[in-house]
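Next up: the structures, one after another.
The two complexes that follow have subunit A in common; it is paired with subunit B in the first and with subunit C in the second.
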Partner chain A sequence: MPNKTFFWFFLPTGLAMILFIGLPIISTGIQSFYAQHDQVVKEVKKCDPFGCTVSIVVNNEETTKLREAKPLGKFNGFGTYVDRNHLAIDEIKKFWNETESFGAFVDQVTNLPFYKALIFTLTYCLFVTPNVLLLGFIIALSLNAVARKIRGPLIFGTILPMIVTPLVGSLVLFWMIDSQGIIGANIQNLMNDPYLSLKSSKTLTWITIIIYGIWHHSPFAFVVFYAALQTVPQEPVEAAIIDGASRFQRIKHIVLPHIYPVVTFVALISLMDNFRVFEPIIGFSAEGSAQSLSWLIYDNLVNEEVILFGSAAATSMMTIVGIAILLAPVLIRTWKEFKTAR
Partner chain B sequence: MDYGLDKKSTSLKTFNTIFIIVWLLIACFPFIWTFWGSFKVRADFFSRSDWWYAISAFNTLIETGGKFTTDAYTQAWTEGEFWKASKNTIIVTVFVVSISLFLGTLGAYALSRSTERYAFWILIAALIFRAMPHITLVSGYLFPFFQLQIWGILPTTIVVLVAINQPFTLWLLYSFFKTVPKELDESALIDGCSYFQAFRHIIMPVMWPGVITAGLFSLMLAYNDFTVTALLLNQENHTMVPKIQSYLGTNQHEGNLMWAVSAVVSATAPLFMLVMFFQRQVISGLTAGAVKG
Partner chain C sequence: MRKILVTLLFLLFGTSAFADCNIKSGSINILANDFPALRTFVETSKQCKGSADFKVTHSSEHNKIAVPALTANPSEFSARIAANSSIVPLMNQDLIRPLDDLVKKYGKGIQDSQLITIDGKVMAVAFMANTQHLYYREDVLKDLGIAVPKTYEEVVAASEKIRASGKMQYPYAAAYKAGWNLAEEFVNMFIGHGGEFFKAGGAQPNINNAKGVATLNMLKKLSELSNPDYLTHDSEAIKVEWESGNVALMTLWASRSGTLLDDEGDPNITKATKLTGPATVGGGNIPAATLWWDGFTLAKNRSDADAEATFRALAHAASNKKMVADAADQAVWLVEGFVPGPKSIGVIEAVKMRAKPYPMLPQMGLMHGALGSEIVEFLQGKESAEQALKDVEAAYISKAKEQGFL
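The block that comes next holds the complex of A and B.
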């Protein structure tokens, strides 16, 4: 296709992506170097029969004027990145010097908002992704062994958790697991502990959200693996059966190597999706004990008094760096393949 | 395919059946339970005293005189203004699907027919864009949108959703266009068609399955979106998913949980029907990128 034709065909979609994906990333970058204005204060002298006192009050008029004149805020350089709510460099130095044991130091650091969120996000990815692969693969193998006629409805049932939006999916589970729901109430009875509830324990909340993640993402892994299983050639499998290979050996030495590229694809996609975990935290109302990076950004953006653009942007930039690190191996591999291909 | 070589023992078959039944229960029961509970009153579905009330409908009988009540639905749709939210969702979904298909088919066709190096790089860039968490993009939008005073209205959200959707649509349609033989449009070009005519009259007619799949995924993205719609729309223009969240209540004001339950059912039912109808397309779309690439 000539370049000129390509240009006109591609222009609309290219423009949409540059304007609404490319530019926003740059806009986020710029915003992250600014912080909202401090309130303008003035000293007010108040005199009464007992003497004069000077108090400091907010000058609302001046503050509004300043905000209107420079809506982006004041230039802050990397200030937002290193403040207490983000990388917290000063605090970490302080903790390092003050705490006695390494354990206490780690404890202190993981209580800082950014590190807390980072640890939750990574834990979530670490537990959800492998389990999604495993469960998805087992369901695919198991459905593949069922008679063809009834597979349709079974597949429909299997993919339900995936097609609802994460907020709805987590709400539906939350209403059952909550202390007033069917599962929660029964667990209370079983454990004989009327105060046992999701909100009472941090570990319990984390486990619930991770289970939700597995429940929500496994169908995706299932669908891809199921399709890949249909392409496994029959001859080597039959040869293996004749040679006396067990079912497990057949899966390990024939099926898995065949679908290996698909496994990496699913792992990558689900890692990227898990890294942005955020809606389940709202669905499970778990803000108290579980916060993710995306949730921190959301929280800054829905702040009731002043929207913390700078803070949200700084967290966003660091999230993008995180995504870049996750994507790097794939990009390098694709680049190498591309180079050898030509 | 099966020549009877692969003999499964009875115990394996039983185990397999049990596993599938258990998994289907885990996957589907929450939805069935929510559907069932949406016809009860709050004191039953979220019972403080006995979870069995949700089945026996103890309080529902007292409060409404019947075992099932549609109060939650009528209230959410009228008083809770869920009708407005569903109207907004329909507007957003229809526009997002049609615009992103229009842009996506043109772009993906060009990518699939180009042999130049930049086509490869565009696809890689689209992959990177696909990985961006939506909330980081939203944090980039908010400030400029406030300044331009285009925040809160439906058209802005539609354009944003179309753009966010493009990378995935491009990849999906690209893999579908690749399966259409090049000779088809080349012969049209020799016969004197322009590229656009070849695209319009020769390629599009054989591309319908792919277009339907891509359309379904755009639809699911627009219909299910929470991040963009919750932050870029004002209260008045909220679509269904942010509306459901607003029923949940906050620390400051108590929500109406049964409205949320009935709204969840109302929002999920059409989606399930759609997927039931187009199951084959959904699955072919999910696997298009994976199996062929």
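The block that comes next holds the complex of A and C.
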């Protein structure tokens, strides 16, 4: 496609992307550098049905004046980014100087909310993404081998997990793993431990969420791989059969190299999706044991009666940076291939 | 079918039976939490809407919608049913209007004790009170010869005895779901120990002390007597546990007693379910519970005509003797003419025992949020109490700095 045609073709999408993705990101970025004005409070008498007390309230007149003068708030630079609830630079320095062993230092750091969330997010990505790719590929290969007659219903059944709304899917599993649910009760029987609870143990909660993630995302990988498998040319495969190549050898030397670009694509999308893991945490009520970066943003925006826009914006920006870092190796590789292809 | 019939009859005769308040214009749009008493309250106010538009949103997610919806100008809602804690963000952002003029003009039946005044201005009109208190299974306690617990120490002893008897594995329940619920339990227990959340005259946190440690240790003891999934259990979940007969002692909201004691579920359990006041803790004499009021506030960013119409409708309900007589089981109404029934014991006992109201401080929401996530690891046994409290204070300080409180 000539560049000019491409430009006109892409223009509407590009404009929409700038308007609905680019500008909000810039606005979030600006917001992350600001904090609320210093609160002007005053002592007043408060009376309610249970009696009167002297206590403080925000002085609205003064606050309004401050807000009108500087509507964005107080400039905070990278203050929010480095505070204890985010990168916690000062705390980490302190831990480094105070703790005696490296293990103790790691313990202290992973106790900080941002790093706690980061570790769960990365663990989730690292376990879910490869398994999704592998499982998706195996399912695609198997389905490609079954008779055409039953392939339709089978494909439909396989992509069901993706069709089910994430929240509903996780809720269903949540009830099943309840200590009185079908899976939870059976595991208790199997392990002969009536106190075993999948929901109360951190490790088991993580495992549950990761398994759920694999279950939910595999169909996506499957669909793309299955489509790619349809384009594998038959001649080299037949030639390989005549040469006596085993099924494994055929997959390794012919099928995989052929669908390789698609694998990269699925890996990219999966990584991005998994880095933003959020719904299962809500669905499994797992806030206590597992927090992700997206959950932190959600928490800052809704769980407090006071909304923390600065915090949420800072975490959002760091999530974007995180995704960029994760994707960098794959992107660089794709770019290189793109250049050599030209 | 019967329900439909009743509703139809109500529609036919209901409107004529209740005097409408002759509201000629304006539009009324109410945001409220979702539990039976509030539905009754809003329905009652609807009877008097006259020719005004009337809309209502009942949602358990009301806290998340309130501030953004009332910030818009004109605001989406003309009224918000708030409580001690949820009025604070509205005050902080200056989103609600003083009601003095309206109370003078239209608030004839409203009692003075219902008025929430801040700095001499009426900011809300309360109509019901709420608290968390103990529920117990009379049959189980009687069988084992256990007296009704008055302190949390006794609750622990009783629960251990029930567990030892083999009757129940997890005899105690409270809403310990990580987040708001768990933090609320901490707030109750900390106040029961006589704690103050902030250093005098400021927003510096004051929980990392002996009282805080005692609070956490008691929460942990209780959690060990609860279903191991306790960190995922909210009020609704423990209500279900109770109705399944798995629990003999429970701390739950007074406002939930109505649905807990209704005709649904095992009649034997319902019959044996008894209510008592909140427990004290650590030898203290005030209960480990907070008192709450629910009341209505009016949005500032809405026309005066709408505010007037809304106030008249809501004031009709907030002074309605018939409503409090008909729905005496649903709540502890603060409205004149309310005769407390057996389901109001919890709140009445709490008031008698001089329970403290939930702290109505501008920075309390931040503390509540920090508590909800930072004490989880202590309960899971991964952290010492001192470390958990240190984390809460540190998390709170960062948030308070960002919000300009420190």
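The criterion applied here is as follows: the second predicted complex is superposed on the first by the 269 of 342 C-alpha atoms of A that agree within 3 Å, B and C clash if a C-alpha of one lies under 4 Å from a C-alpha of the other, contacts with A are read in each partner's own complex, and residues count from 1 in each chain.
Quick note on the criterion: a residue touches a chain if its C-beta (ideal position, glycine included) is under 8 Å from a C-beta of that chain, and two chains touch if they have at least 3 such contacts.
What you are looking at is a predicted structure, and each value in this text was computed from that prediction instead of being measured.
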Problem set entry | Partner contacting more residues of subunit A (subunit B vs subunit C) | B
For this session: Mind working out whether A:A313 is in touch with subunit B, subunit C, both or neither, as first, second, both or neither?
Result: first
For this session: Scan A:T13 for contacts with subunit B and subunit C and give back first, second, both or neither.
Result: first
For this session: Please indicate which partner A:F278 is in contact with in the superposed arrangement: first for subunit B, second for subunit C, both, or neither.
Result: first
For this session: In the overlay, answer first, second, both or neither for which of subunit B and subunit C A:V302 touches.
Result: both
Exercise. After superposition on the shared chain, which partner residues are touched by A:K339: those of subunit B (first), subunit C (second), both, or neither?
Worked result: neither
For this session: Have a look at where A:V164 lands relative to subunit B and subunit C in the superposition and call it first, second, both or neither.
Result: first
Exercise. So, does A:N60 touch the first partner subunit B, the second partner subunit C, both, or neither?
Worked result: second
Exercise. Of the partners subunit B and subunit C, which touch A:D178 in the superposed model: first, second, both, neither?
Worked result: both
For this session: Touching subunit B in one complex and subunit C in the other: list those residues of subunit A.
Result: 178, 285, 302, 307
For this session: Provide the residue numbers of subunit A that touch subunit C in the complex, in ascending order.
Result: 35-39, 41-42, 44-51, 55-58, 60, 63-64, 74, 76, 80, 83-85, 91, 111, 113, 178-179, 194-197, 199-200, 202, 284-289, 291, 299, 302-308, 310-311
Exercise. Any idea which subunit B residues touch subunit A in the complex?
Worked result: 1, 3, 5-6, 8, 12-13, 16, 19-20, 23-24, 26-28, 30-31, 33-34, 37, 45-48, 50-51, 54, 102-104, 106-107, 109-111, 113-116, 119-120, 122, 124-144, 146-147, 159-160, 162-164, 166-167, 170, 195, 199, 220, 223-227, 231, 241, 244-245, 248, 260-261, 264, 267-268, 271-272, 275-276, 279, 282-283, 286-287, 289-291, 293
Exercise. Tell me, which parts of subunit A touch subunit B in their complex?
Worked result: 1, 3, 5-6, 9-10, 12-14, 16-17, 19-28, 31, 71-72, 138-139, 142-143, 145-146, 152, 154-161, 163-168, 171-173, 175-176, 178, 180-182, 185-186, 215, 219-220, 223-224, 226-228, 231, 234, 237-238, 241-242, 247, 262, 265-266, 272, 275-276, 278-279, 282, 285, 294, 297-298, 300-302, 307, 309, 312-313, 316-317, 319-320, 323, 326-327, 331, 334, 338
Exercise. Which part of subunit C faces subunit A closely enough to touch in the complex?
Worked result: 63-64, 67, 84-86, 88-89, 91-92, 94, 113-120, 126, 129, 169, 177-180, 182, 227-232, 291, 293, 334, 351, 356-357, 359-363, 365-366, 368-369, 372-373, 376-377, 380, 382-383, 387, 391, 394-395, 397-399, 401-405
